[in-house]
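Two complexes are shown next, each including chain A; its partner changes from chain B in the first to chain C in the second.
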Partner chain A sequence: MATVTLNRAEKTYANGFKALHGIDLEIGDGEFTVLVGPSGCGKSTLLRMIAGLEGISSGEIKIDDRVVNNVAPADRDIAMVFQNYALYPHMTNYANMAYGLKNRGYSKVEIDTRVRDAAKILQLDDYLERKPQQLSGGQRQRVAMGRAIVREPKVFLFDEPLSNLDAKLRVDMRLEIKNLQQRLGITSVYVTHDQVEAMTLADRLIVMNAGIAEQIGTPIEIYEKPASLFVASFIGSPSMNFLDGKVADDKSHVVLGDGSKIDLDHVIDAGRDLVVGVRPEHFTLKADGSGALKARVRMIESLGAETLIYLEFGEKNENVTLRMQGTHQFDKGQELSLATSANLVHLFDKDSGKRL
Partner chain B sequence: MKRVQFGHSPVPYFFIAPQILIIAIFFLWPAAQAVYQSFLLEDAFGLSSQFVGFRNFADVLASGAWLQSAIFTAVFSFLVAFFSIAISLFLAVRADEVIRGAKSYKTLLMWGYAVAPPVAGLLGNMLFNPLMGDLYKLFNSFGFEFNHIQNAGDAAFVVTLIAVWKQVSVNFIFFLSGLQGIPKAVTEAATLDCKSAERRFWTITFPLLAPTTFFLMVINLTYAFFETFGIIDVSTKGSPGGSTATLVYKVYVDGFLGADMGSSSAQSVLLMIMVSVLTVFQFRFIERKVHY
Partner chain C sequence: MYQSKWRTITNHLILIIGSLFMILPVWIALVSSTHTREYLFQHGLQFWFGGHFIENYGAILFDPDATKGRVTALEMLFNSMVLGLGFAIGKVIISMMAAYAIVYFRFRLAVPLFWVIFSTLLLPLEVRIVPSYEVVAELGLLNTYTGLILPLIASATGTFFFRQFYRSVPDELLEAARLDGAGPLRFFLDILVPLSVTMIAAIFIIMFVVGWNQYLWPLLMTTDDQLYTIVIGIKQVYNSLYEGGQIPQFPKAFALTIMATIPPVLVVVIFQRMFVKGLVETEK
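This part shows the complex of A and B:
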């Protein structure tokens, strides 16, 4: 059981590119931490630094109380699952799982027990004598997981382990990983750019952007109180609606582009420019036309359980998305009246993008 | 395996015709000539010849010179293949690890590839020239009493050294691309599983390079058998006393310099048979152990 601590961890690649600008992070014992962010934001870099596959340019990485900056990957007591499995193609699946144990001097009996236990958990009993290329993608990823769990490491590291699998298998494996991690209670760091994976797996979510950790919190905290415009737009699908506005003179509401008003529940300086964020699921449709916002229907997507309605708002034709349960039908160009409540509205500073 | 049959069209034959023609003119025809000649005995002036059955073969096999050459060829080929593979593998693994200046290292190591065998032989000649050869002087300065003109062992060392040097760059290129074909993630996974770099090499890298190694073994043995002709001709000419003549070189010496066409042809036929057996053996027994 272990904790992982990063103190101002920075990474500058050999070509001078600064991939991480000082990450501070504390991962608790047995915690499932998910790193999420757009492509190229430095998620893999961070994970690989914890693994020891990339050096650390400045700062400190600790596993438990030991600084591991200069410790060889094999001595860090971590196990990693790679996106493209990275199995040893010339070895049987059994040998793949046994390899790390063998090199650490475990006895044949001990190795056999561990490999067979892991195989049972992962339903790989029948495939142990085969080679990796004789397995399906999902089975290969299970062997890769098996290779990690037989080691009983202090920390599991996952780099987008499910992104090569098809949609259904991904859901199954997601549940399997969650189950396994809870059962074994091993501290885990998981990289993904899939929001659903991030929201469902994480005890704690780290949203990264351009080499910094924008926000760290539970998935619900991040959904309910995104710290910045970036986090607000990145978490949640479809993305949050953003509308430009100005605080009214009496500070009771914000005035939007077309003059419509959204009530405020906390005090902000009058006349201040800000961005109002409302999630698509937090608008309600007012059939009597009493809503604060009037917008015209541009397009509709029916998904069965829910309907996404894309609207245009104001003279500048700002886009607004509305998400409703069930199926609905509207005409193109039809004007809808939308309302929301003050406690569901997010306010961001227009210049810094920070939450107010 | 099931084969799909398409309607026959003459076009494919048209396209492979030039290749077939080349093979027929430059390979099948001379080979047939050699087989034919190996059953004939010519008189000393090459004016008449008579059919003598397997007598040429019997003479060749009974002669000590042929056996000596066969043994030399076997040892020489094994050493050339072994050392040129081992050295180039070592260099390729090292060059693959280099990050700064990797390109210049690789280019320099590949240069040898552009050197033709006779030129390599010539370079060797100069390096080992008793009057001005640097390596000759170097070895003797250590008190080795190195003399490849008279000492058969030293002469064998010289041709082996040149042959290995010439082949290392070719092998290097293949090994380097073989190494780059190993997925980075696999190597990284191994770094997490095994601390010792040497052990990682023998358990992961080397088995994954096995197809390349096998291929190079075939290529290098063929090279040592046939293509070292140029090196030998320029450097030792088989001396002293035929001790550095490979079977191929001996075919040339006996046939073209000695004008004994019957014996020379019989030797080439034997060579063909040996190479065929060797090739079958390689593919049958060694390739099986290779993971593809």
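This part shows the complex of A and C:
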């Protein structure tokens, strides 16, 4: 059981590229932390720094209050699961799982017990004598997890472990990983670019962008109160709608491009330019035309359980997405009237992108 | 169906003619080696077996006089085997280690060093044969197996192939091994060598045949008959064909040629199986 602490952790590559601009992070004992962000945001670099596969340029990484900046990966008491499994192809699955223990000088009996226990947990009992390429993708990833489990490490690191799997398997494995982590209670850090994985797995979510942690919080906190435009657009699918607006003189509402008004529930300086964000699921359709926003239907996607309606708003044809339960049918060009409530509206500063 | 049948027939016809073309000289050498020298001298090359197989091959294998040297074909085969195996094994081991250093370790001048090694491809032994001879002579290695093998090993072909192969091994394997507590030596022996089995087999085949067929270097190196390889032996036998006004020793020369071809063929046949098996089973 362990905590992981990052103190102003920075990474600058030899060519001068700064991948991480000082990350501060405390991961509690047994916590499942997910690093999420677009590719190139530094999330994998951060994970690899915790693993010791990348050096740290400045700052500190601590595992259980021990500074591990210059500790070899093998001595950090961590285990990592890779995106492409990284199983040794010439070894049986048993040997793959046993290899780390063998190198650490465990006795044959001890190794056997641990490998068989892990295999039981992961339902790999029948596959131990086979080689990795005789298994399916999901099974291979389970072997890779087995290799991590048998070590009984302080920290689990996952580097996009589900990216190579097909959609259905990914959902199954996601549940399995969550289940396993809760059962074993091992502190975990998980990197993904998939926000659904991030939302469902995380106890705590870290949204990263261009080498900085934009926001750290529980998935629901981040969904409900995104700290910046970037976080707001990255978390949630389909992505949040953004409309330019200006605070009206009486400070009670925001005036949008076409003159329509959105009510405010907190006080902001009059005349200030800002960006209004509303999630597609937080619009309601007003059949009587009483909604604040009028927009024209551009395209409809029916997913069965829900319908996504893409609309054009105002003279500049700003895109607005509406998400409705069930199936609905509209004509192209038909004007819809949308309403939302003040507590579901997100406001961001136009220049800094910060939440107001 | 009709057309494809004709196609099959023509395809086979071409292949059969090609095979005959390739096999015929070997066949002639094989059957001609089973006649007496007088018979061959009178009737020319033969297309079917004569009755002197055991006699001719026995003489060439065990009687030093038959080869006109002081060494039997058996001893020459042994020398060739030492050269072929020593060369192939030495080359594989050294190339693997050199490539490992170049690909996995970051050290000063690694890239220039690789190009230095690589440039030796431009300098095969034949080009540097005089200085090589000087060096080997100065070291007192003339007429030794070491002197025969070492200078041949010094070239970059194997290193280059292994380097390309290692570069195609995913980095995650190295990282996984590091997390599993494997040091550089463990990683090399436990992961890289087993993964390279196909490469090792392929390079071993090629190098064995190259080593076995060496002619110029052994000829220069070995003044002692006891170290003659079979390839030199063939040359010696042909040289002495007309000596002393006797009837030429064609059957024995043919027999020696046939024997010289058998080991490389065996090596290729045996290792080819491993090679293919490795290709099917190994996945990076």
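Following the convention adopted for this analysis, the second predicted complex is superposed on the first by the 356 of 356 C-alpha atoms of A that agree within 3 Å, B and C clash if a C-alpha of one lies under 4 Å from a C-alpha of the other, contacts with A are read in each partner's own complex, and residues count from 1 in each chain.
The rule we apply is simple: a residue touches a chain if its C-beta (ideal position, glycine included) is under 8 Å from a C-beta of that chain, and two chains touch if they have at least 3 such contacts.
Everything quoted here is computed from the prediction, not taken from an experiment.
Student: For the combined arrangement obtained by superposing on chain A, do chain B and chain C clash, or do they fit?
Tutor: Aligned through their shared chain, the two binders clash on chain A.
Student: So in the superposed three-chain picture, is A:133 touching just chain B, just chain C, both, or none of them (first/second/both/neither)?
Tutor: A:133 sits against chain C, while chain B stays out of touch.
Student: After the superposition on A, what does A:80 contact: first (chain B), second (chain C), both or neither?
Tutor: Touch partners of A:80: chain B and chain C.
Student: Would you check which partner chain A:163 touches, where first means chain B only, second means chain C only, and both and neither mean what they say?
Tutor: Touch status of A:163: no partner.
Student: Between chain B (first) and chain C (second), which, if any, makes contact with A:53: first, second, both or neither?
Tutor: both
Student: Once the shared chain is lined up, is A:5 touching chain B (first), chain C (second), both, or neither of them?
Tutor: Neither: A:5 stays clear of chain B and chain C.
Student: Once the shared chain is lined up, is A:239 touching chain B (first), chain C (second), both, or neither of them?
Tutor: Touch status of A:239: no partner.
Student: If you stack the two complexes on chain A, which partner ends up touching A:14: first (chain B), second (chain C), both, or neither?
Tutor: first
Student: Touch check for A:88: first (chain B), second (chain C), both, or neither?
Tutor: In the superposition, A:88 touches chain B and chain C alike.
Student: What is the shared patch of chain A, the residues that chain B and chain C both contact?
Tutor: Dual-contact residues (chain A): 51, 53, 72-74, 78-80, 82-84, 86-90, 99-100, 103, 147.
Student: In the complex of these two chains, what residues of chain C are touching chain A?
Tutor: Per the stated touch rule, the residues are 170, 172-173, 175-182, 186, 190-191, 194-195, 197, 282-284.
Student: Going by the contact rule at the top, pick out the chain A residues touching chain C in the complex.
Tutor: 51, 53, 72-74, 78-80, 82-84, 86-91, 99-100, 103-104, 133, 147
Student: Within their complex, state which residues of chain B touch chain A.
Tutor: Residues 99, 183, 185-186, 188-196, 199, 203-204, 207-208, 210, 291.
Student: Residues of chain A touching chain B in their complex?
Tutor: Chain A residues touching chain B: 14, 51-53, 72-75, 78-80, 82-90, 99-100, 103, 147.
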